[in-house]
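Labels for the chains are A, B, C and D, by order of writing; each one numbers its residues from 1.
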């Protein structure tokens, strides 16, 4: 297990390193002169050079890279060119929206998917089982923003129960903030739940066809006991893997849903910076998101190790 | 018996093979494991020899070396008197044509997307063998007892026994001198096993083939071959005629294997267990 | 007072959609009796076993009558059947590699069975589990009990499986190819264990296998299955010494024996021509007729029933062929 | 013997048969209709979808000349939807096709060219997989600017690692078959085995995955265009139409319905087609059922 953890940690660091180089090269390589991008088409050569000097963009690439990555690990994401605000401060305040949204969306998705997927795996010939299969198939085809639009149409506009957008700060109006997040979370959770349902379903189907489940039943477990005591415990392994893979999708969904409901989260900030060509800010915040996803994947891998004795007790 | 004029076509001499093991911990030195230890093994024309042993005894590695898939770390693989791994390209080509193999699972050993006719011609094309391929196809099909109509069909249209015949036919296409059969009947039904065993015996006799028959079941090997080597923990522990091995096993591994054989007679007499 | 048989099967039919893998199988196995059910792949022997356990795969249906311990198992609900499985009727499966729960320690898996069916404490169940492991000739049971399945050998896993099957002193154990997946040299040891343990407990044994020598060694009676039906049924000594059905004859002739080993080219294994017919394309009449040398027009037209001679054949083998 | 005698339940029991058949049929009908409309839009449109006609603005569906009405600038909705279908087709299929090509080459290489190649490609794919597609799109939009081509690039970057993994694992299972060993034995080189044995046997998987990634591509493209970092005018995308509708007229407008419905229908159709094809083509499933 020690070796397993070491290996996974090493891979995490390697992955972060590789991804950071990729992002850095993509922005420097594909984008050409960063200072020129930031200043736009009409900038004079002098202004571009001045900016390049100010940001150290005229230094060798290797130096710039290590300077940038070093700062990220120190928690310094740089400053906005236009407003001169520290990006780190901006990010922190915006994470107070994005993280609850993202995590609750995932939890809701799992809360839907595990029972629904399990039920439809075991009762594919019953009407409800078939209905779940159909609904998840349809749900996968619904873009998350359209789900958001439809939900706010129903609960916001038609019924007037919940806000269709906007944000009050947690400290200013806690319940108001919660109310603002309900519809975004439901949209995110429903759509994520639809695709997770399929994975849970196939994991459960797969596990329930295994010989050891048959053994469990041959030694006196009912179908339900075999499912709960043996099946789900084993299905947890493939499901954990899939959840890890879905994190990247989830981030995409979060970005979109923040836009639908005009929530001033992290993604809105990135979008604004993309529009404003704040290349360096985009580079840093994007890297932050990638580190987050990779960290979650690391956690999932370690969890897998704990769940599976074949991994845990391996050399 | 042709034992007096022993002139092996294919032989392994003093072959030793070790594999590195995965480290047991981060700081442990890498260790290695001797899979084969000074193996001598050979087969002559018109002779069927057997190789038996439990799983993990080294049968697979021995087979891989015997057919030239793996290079021996120590010792030599000799074909028609030449060391295969230091032979001229022409000699190696001849080795590749002359030593063919039949694998355990017939359903897996034929590409499901390839017609039987194409599959049978594959060795000929790959080994660049000249001649009338169609004539050869018909010859070989007759040798294994299959109809010409098989050529246009796909593997899924055949039963396991028929597929094993097809796999044997493919191995015979390049007109080999040695046939290596790795557990050729263990994936087949009992009533089909005998068909394939009889076919192999006929081929040895009719084509003057050298047959190497690898299996875990001593009784099946004994029926098909005239000389059996017993392998255990990477060493050949005993060589002899099947009857001798059965009646007077000397090595412990042989005794285990003999003891493991169940027969209907012994069962009926209440002496089996 | 005579005890009811361990199991009594009447006209069992097991199928999937319109295809039947088992087409009317009947037999009776007395208490403490040993019966072998022999057949090749596709004969329906494994489906018979699963149907008796009420564990037919999803989508499969079983009909007929299976009397055991005073009830008809075919009509049992999952809940009440589950109180019997592992207690009065249990099963040993073919592949011990995949038949144990990979995420639970093997000792716990045995103890689970005991704990579930007898009202003893967990601690007591574990003690009995260790006892069972000792009876299964497993060295250092305490240490082994703490292992996960992937840490022990195939032979040890199958001993664990047998211990689980025996744990509650069942009336009947169904063993489906219990040694096929094991290394040759451990097969006999496992058979010996199963043999002795069943005898000690007076447990009836239904051996399901393609391996005639195993049946000869373990069983009193044998039923030979072909294409979903029993084609010959009788005491092992009679059936194997002088089979009446041509299929049984053919199976026996294709066994390598001491006689064939003397390789002088004269002795040859008998073999059955052709192949096992697929379920969806069974021959008319006697399903074996296309492969049978003695087949006549009648065999093509009418399906024979099991006769007084124990064989379902219109032209039974006359006498001992030897 | 063991492999043959094991009686695993038939995999075809994954869902009721009537549902599978209806689903495949529906998938075929929708996919064909979608392709037909996308192609038709290249030759015939009721109106120019980019020319504003202010007098005709916000006409309801069924208005004379405007089957589905007009938007806030008086542009014909139906024509925009038709062009949107073409965009979805080009961007979705383009992204799927590029990742198919790279993914197949990479996946086959990982499977066939030894441990170092496998580790490099597989770990590389793992790393790329944890970069959200939307992030790639944002970075590309920030540097080279948004547009249909950028979107195709972002989709390919996002899908290629998944495609690689699927092809790799399919190829791995084919590689374990004995006919590969046989081919090696009679001296076939690796490239030949890849082309002649592995590719035909994973072709089903490739087709199925292409269909599914095509659908995912349409969905992702819609999301990016909705955010304004995807397709831009004069190209038209369903996601972009939704964004405009929401910003300019508010979400209660029927304008927000049509593009959404179009996306759901087409993505559903392609997914159903892919799943149906999987039942028919994927040897890993069909072989077990035999």
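Observations on the structure shown:
Assume contacts are C-beta pairs under 8 Å (C-beta built on N, C-alpha and C of every residue); 3 or more make two chains touch, one makes a residue touch a chain.
Quantities reported herein were computed from a predicted structural model and do not represent experimental measurements.
The fewest steps needed to get from subunit B to subunit D, moving only between touching chains, is 1.
For the pairs B-C and A-C, the larger set of C-beta contacts lies at B-C.
Ranked by how close its mean Cα position lies to the mean of all protein Cα atoms, the top chain is D. Separating the centre of subunit B from that of subunit C, both taken as means of CA atoms, is a distance of 32 Å. Between the CA-based centres of subunit C and subunit D the separation comes to 50 Å, rounded to the whole angstrom.
With centres set at the average Cα position, the gap from subunit A to subunit C is 52 Å. In terms of their C-alpha centroids, the spacing between subunit A and subunit B amounts to 54 Å.
Each of residues 41, 57, 95, 210 in subunit C touches at least two other chains. The multi-chain contact residues of subunit D, meaning those touching 2 or more other chains, are 1, 4, 8-9, 13.
In subunit B, the residues that touch at least two other chains are 160, 189.
Contacts from subunit B toward subunit D in the complex involve residues 67, 69, 96, 100-101, 103-105, 108-114, 119, 122-123, 126-127, 156, 160, 167, 170, 174, 186-189. Contact residues on subunit B toward subunit C in their complex (touch as defined above): 54-55, 159-162, 189-195, 197-198, 201, 205, 216-220, 222-223, 225-226, 242-243, 246, 256-257, 259-260, 262-268, 272-273. Listed in rising order, the residues of subunit A touching subunit C in the complex are 209-212, 214-223, 225, 230, 233-234, 307-310, 313. On subunit C, the positions that touch subunit A within their shared complex are 53, 55, 57, 78-79, 82-87, 90-91, 93, 95, 98-104, 112-113, 116-117, 148, 150-151, 161, 164-165.
Within the complex, the subunit D residues that touch subunit B are 1, 3-4, 177-179, 181-188, 192, 197, 200-201, 283, 287, 290.
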